Amino acid sequence: MSGHAHGVTPNELLAVMGSRELKDNTTVFAGVGAPMLASGLAQRMHAPLLTMVIEGGIVGPKWKPGSLPISTNEMRAAYRAQMLPGITDAFLLAQRGFLDVGFIGGAQIDRYGNLNTSAIGGSYDKPKVRLPGTGGANDIISLCREVIILTVHEKRRFSDTVDFITSPGWLSGRDARRKSGLLFGGVGRVVTTMGVFGFDPESRQMRLEALHTGVSVDDVKTNTGFDVHVSDTLTTTKPPTDEELEILRMLDPARQFL
Amino acid sequence: MSGHAHGVTPNELLAVMGSRELKDNTTVFAGVGAPMLASGLAQRMHAPLLTMVIEGGIVGPKWKPGSLPISTNEMRAAYRAQMLPGITDAFLLAQRGFLDVGFIGGAQIDRYGNLNTSAIGGSYDKPKVRLPGTGGANDIISLCREVIILTVHEKRRFSDTVDFITSPGWLSGRDARRKSGLLFGGVGRVVTTMGVFGFDPESRQMRLEALHTGVSVDDVKTNTGFDVHVSDTLTTTKPPTDEELEILRMLDPARQFL
Amino acid sequence: MTISRREYDFQAARHRLEGKAKSAGEKLTTIDDAVARVKNGDHVTFGGCLFSRTPLALVRALLRRRPTGLSISRNLMCYEGEWCMVAGAVDKIVTSWMGIGLPWGLSKIHREYVESGRVPMEEWSHLALGLRFRAAAMGVPFLPSLTMMGSSLVDVGGSKIIDCPYTGEKLLAVPALFPDVALLHVHRADRFGNCQIDGYPHMDADIARAAATVLVTAEEIVSEEEIRLHPDRTVIPGFAVDALVHVPYGSYPHECYGLYDADPDHFSEYVDGINRHGAAGVQAYLDRYVYGPPTHVEYLSLFGETALADAGRRGRELVS
Amino acid sequence: MTISRREYDFQAARHRLEGKAKSAGEKLTTIDDAVARVKNGDHVTFGGCLFSRTPLALVRALLRRRPTGLSISRNLMCYEGEWCMVAGAVDKIVTSWMGIGLPWGLSKIHREYVESGRVPMEEWSHLALGLRFRAAAMGVPFLPSLTMMGSSLVDVGGSKIIDCPYTGEKLLAVPALFPDVALLHVHRADRFGNCQIDGYPHMDADIARAAATVLVTAEEIVSEEEIRLHPDRTVIPGFAVDALVHVPYGSYPHECYGLYDADPDHFSEYVDGINRHGAAGVQAYLDRYVYGPPTHVEYLSLFGETALADAGRRGRELVS
């Protein structure tokens, strides 16, 4: 994929494309890795008045370049924070409506943006693979105004069905999410290493809206475990700029996450 | 009444008799005036490990003698406190079961220990006399393990019926309180300037259990707006000792509350 | 007297918040610009408690705009509630208690306005009102509680009893209260609106999350760096604040924990005016202290430097 | 896997608390005396979060007693949960996530024990678990929330959906979790158990109110006077604490905000042992670090003064 052709790593590509989804004067619920880098990049590019909220109960940190956190609840994640309300109260800010955007990923994702990070195969009680669990992913996708999924694009991830809905996207589509009691939010975008997906406003099925440079629709179809709907107005994303990549590499010089 | 005969004021009598109801290694939800003095006295007499919790969101203050608070939410009330959790969280400690005893008073009280501090006469919306309201009294009587009512004994206060139940005692008696949803607590004692009342364990009606020195049952009946039941084991309280009075007057030398 | 749907409509409240910019940017402005955000008919909640950290500078600035039809709420309402009554600004008062305190007896103004039915008082227990703000802060329409059960207060506001889905026990469902506007006074904030409070927090943090619009005065504006060096002291995040004004002695003659003590003599002077002239006494007070002084400095000069310095000395002594 | 009634029985939990002395007196004791309060079959909740302020000294002291049949809960479970599995101490783990972190991948121990059905993991969303502790801290059987709705998680623990009595909307009734015992590590406390935490509070304050028995280790024991000079820093009242132990570096090699950083190299060493020997690697670790050292000082000496000093330097740098 082009990213790599130009020496851009998958996480660099995700961080850049993710950062472009963030607007100024908003708040973002960000986890470690690409989401964190996307937020830090957006603050330095076009969204200086963006506030990050971190799962560990951290509001408005100013992470130290080269000293990025490996978890959402440690001193590096809280570096130069503006407020430390605690974990429960940080999520309650999201439930109240203070969080505009949330970033999450997942081991399995279906066409409706439902994610599984709990258990794969077998039964839930005796699964083939027990994954770590939801952590705050379920809360973020349930409570933020809009969620953006950031993930590498692999066929095994983009699966026809998820074995367990850890984090509800649009559930079975249409108004299923609202009917389930999730009155707010939803998945807006799925940013992958191959392109950017939106969701059909009616069916709530994933729809390819943009390809990264050098990626074809067939590439995407080959690497997706369900039928890929393509937008009538399919576009191509602007490749990561040198400035964007320089900032990312300044934030993570050891390339711990890049 | 004897209290006065011995130069003991009504509030001194209430503070002394109230203090004797408090045990060591317990917690007490105390308001300003007699309750506060009763708690401070108990700490200096027999309950050094008694912790006071104050409505203003204050835990374990060590009030400055001669600088007593006139409200439950001011710096004098928080003087040398151990913790300042805030008002809502202080009451939630009581709802959880951390508060052993609560002191309250009221403008009107009936035979079941129900109190009215809201509105007297007319209708609730257009009352003859609009009183300040419940404040935390309703919460204290609803949530503490046991409530002790401290009040001067006047016929107009000890009324056949209360116009409005601001603070629920035993409601209509027997199991009415539990049935109403108040699963915990209840009024244990009513300490007045004439004597000490308990409640019949069956009927939950107020019952005179002790008289202060020099007060007769007839005195009590004459000053009570409902039939006074008298315990078979009626006793006489030990008058305030010089030590008790000295401590009270040390706490409140200006006799702001005495 | 019953609660109105807009008080507990968590969906509408959430949509209002979703529609707002949540900026990490500048919040400093003038007090008149701040209170211009209050519309007639709004539900306005005052922070602090009784005569502690009351946002009096904001209340005065608000009353100078001669608002009408407001609902006001506060857990323990002090005489700022009487001001709103006499000024004709309020249609409803939501509180658990109204007055100044023991030494000043019953509030004649509270009695006059409520007994005549001119301004209804919606009464909640102190905890129940706290839970109304907390439910709203949490973004839910109610919180379960054991308080108020069995009392006549349950019916006053129209709150409901539910059965616990797990234990089957009865619980009071305390309805959320989402105010249109919150008026708060804090110890310090940076210019982005990150607020810190010393001593007892009262209900301000919940109120700030509950309200659609948050107006704050601060005793001190500190650097962003100072906030970031003590983030565990911050109780209100900047993105929740709409307007911030630097107002030293912003709650005087009420107290501000550790900075200045209240002025009970002034309370007595105020009550004397009522004892002599009733509501006209409050009107005279409003003319002198609220409508009169064009600036906060001129307001403070009515008390004099000695009184302010003395209140400051007492306030510092009480926490040292 | 469903919740058991004793987890949300607020009446039983309240009666347990009512039956306890709530003393303002001495709480200092030895760590062995403290953990002797834990009975086989108890539900034990660990404070802190992941590798931050984990009460590791208490967990180690508890495991030295070879407890059995415990249920353990923690919002993000780190490798202390693996210790309990391999030590045969637990029948059930309640958490939202289990592992160490990205660099160490999936937990092989977690996988082995859960996939085989030997130790079930009851999974809740991070907020839902936080609300379970908060409901208990508030003394109510549940709290309403919008989280987890529509997901497969709703059924895992057996939580229920209710209709809002005011708006008619569906809400998740998150059931309370009243632990038998809470293990917590804090920055400082006075000998009466009044505890203060710096930085992020995690869920410790709620857990301390939720549990029937509260065991605390503190980095520092300070004078009563120091607590009373900064009461707005206190998050757990002394009367809620049953036992207090002075344990500097009480959560090491996990971090303690502002005092010392975590030791990721040690985590890697631990995980290497698992990668090479599976559960036997954990057993060897337990023998060396948990069962082996008779005292905390001897435990710390396994890391060496240089490592401790370096963690302290990094920890101080990260907050200055």
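Order as written gives the chain letters A, B, C and D; numbering starts at 1 within each chain.
Basically, a residue touches a chain if its C-beta (ideal position, glycine included) is under 8 Å from a C-beta of that chain, and two chains touch if they have at least 3 such contacts.
Predicted, not measured: the structure shown is a model, and the values here were computed from it.
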Given chain A and chain C, the chains that contact each of them: D
B-D compared against B-C, more contacting pairs: B-C
Chain A and chain B, separation of their C-alpha mean positions in angstrom: 58
Mean-CA-position distance for chain D and chain B (Å): 40
Chain centre separation (chain B, chain C; CA means) in Å: 29
Whole-Å gap between the CA centroids of chain C and chain D: 37
Touching two or more other chains - residue numbers and ranges from chain B: 78, 84, 92, 95, 183-184
Set of chain D residues in contact with two or more other chains: 11, 138-140, 145-146, 169, 171, 199-201, 231-232
Touching chain combinations (by label order): A-C, A-D, B-C, B-D, C-D
Complex interface listing, chain B residues touching chain D: 25-27, 48-51, 59-60, 62, 78, 80-85, 92-93, 95-98, 100, 145, 183-184
Touching residues (chain side chain B, partner chain C) in the complex: 32-33, 55-58, 67, 70-71, 73-76, 78-79, 84, 86-88, 91-92, 95, 118, 122, 124-139, 142-143, 164-168, 171, 176-177, 180-184
Chain C-facing residues of chain D, complex: 5, 8-11, 138-146, 160, 162, 164-167, 169, 171, 173, 175, 198-201, 229, 231-232, 320
Residues on chain D engaged by chain B in the complex (per definition of touch): 11, 13-15, 17-18, 21-25, 136-140, 190, 192, 194, 209, 227-228, 231-232, 234-235, 237-240
Chain C residues touching chain B - in the complex, by the definition given at the top: 1, 49-52, 75-76, 95-99, 101-103, 106-107, 110-111, 114-117, 120-121, 123-128, 130-131, 133-134, 145-153, 156, 161, 169-172, 199-203, 205-206, 255, 257-258, 261-262, 264, 315, 318-319
